[in-house]
């Protein structure tokens, strides 16, 4: 499946923390750069996400903000 | 200002394309890794974004999805 | 690629309207049920979206609201 | 109240799972097509959502992605 | 229609700027406090939004970030 | 840091409710007007949010919908 979301960053799962319904998954996409995703516990199971596995962080362009110092 | 959004990636603006109301800004956050943001033209002006300038891509954790091959 | 987004609705592209930077794509996912997506023109080209083609509307669970009468 | 969100799918609540703060509500919008929404527990109570009740899944166009095989 | 989105701010439309596909609508929700919404041109027409009219800004809780100085 | 998000409402934290992974923070931005944000517990700690403190609700324009009666 090819998706319209413009941003896909390949990385390694470094943390999976399940809550009651919502999980936080951290993916290291470059040395020292970690992306945090808040997804459903259901998705964690469905994708079989585990620490050490390869995964992608995917973000729609309209969900990206820009900041300057 | 310190923001709750969990993801902030520092980079360099490589493209600013204004549309009628919506602009697309691309930030290179690592060699070969470019993030596309869809923001208002108004924000481009307000932040003074220009190609070559330093900027951050900012994303709320609940807007990040995870994918696997 | 398998994605964490919980909602994928299969349908047929019934309209592609490109703007200056942002396109509106409509997908009929059931008889009389049309989903509108606002995506980048770039994505329309990248996915090769054209009227009559098969496509999916994909939505993250945290972007779905519920309403009652 | 009439809302700008372009997508409203009528259906029947098939599941309400409350977490500590966040609930997952599933709505069957067509035979075999179930939409998952991640909303606050507070909203579940405020709308009086219960399994079997009629409800709508509402999504803003800018939160819809498109995918192709 | 009653919606799960937790945030509804009543105000007066102070600006409607249509682009090629995307419009920016500004609503004054308190003296000097103006909210900007990026919605489809189609929604502007469908809701009949015009400067001076009464309207609400509606935001899902998961789309609100918090910042501190 | 200056951010592209068009909407920043200054207020006072009136409630912080942590869940298993996701917290709900309420900010009173005007007399009787309370904004609810759903953010990570991690952000609550990182920003040091406590009831009575000053904070801002920040929302990207593309996450604001408009409604009319």
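As written, the chains take the letters A, B, C, D, E and F, and residue 1 is the first residue of each chain.
Here, a contact is a pair of C-beta atoms (placed from the backbone, for glycine too) under 8 Å apart; a residue touches a chain by one contact, two chains touch by 3 or more.
By chain, UniProt protein names: A, B, C, D, E, F = Molybdenum-pterin binding domain-containing protein.
Bear in mind the structure is a predicted one, so any value in this text is a computation, not a measurement.
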What chains, if any, are shared contacts of chain D and chain E? C, F
List every chain that touches both chain B and chain F. A, E
More Cb-Cb contact pairs, comparing A-B against A-F, go to A-B
Could you classify the chain B-chain C contact as same or different, where same means more than half of all interface residue numbers appear on both copies? different
Remotest chain, chain B as reference, centres from CA atoms: D
Taking each chain's centre as the mean of its CA atoms, chain A sits from chain D at a distance in Å of 23
Report the inter-chain centroid distance for chain C and chain D in whole angstrom, where each centroid is the mean of the CA atoms. 17
Chain B and chain D: spacing of chain centres that average the CA atoms, whole Å: 29
Just the number, please: Cα centre separation of chain A and chain C in whole Å. 21
Which residue numbers or ranges of chain E touch two or more of the other chains? 1-6, 19-22, 24, 36-40, 42-43, 47, 56, 58, 60-63, 65-69
Would you identify the shape of the chain contact graph, picking one of line, ring, star, complete or other? other
What are all the chain pairs that meet the touch criterion? A-B, A-C, A-D, A-F, B-C, B-E, B-F, C-D, C-E, D-E, D-F, E-F
So in the complex, the part of chain A that touches chain C is made up of which residues? 1-6, 37-40, 42-44, 46-47, 56, 58, 60-62
So, in the complex, the side of chain D touching chain F is made of residues 1-5, 19-22, 40, 42, 60, 62
Contact set on chain E toward chain F in their complex: 3, 5-9, 24-25, 27, 29-30, 33, 35-39, 43, 47-49, 53-69
Could you list, by residue number, the parts of chain C that touch chain E in their complex? 17-24, 36, 38, 62-63, 65-69
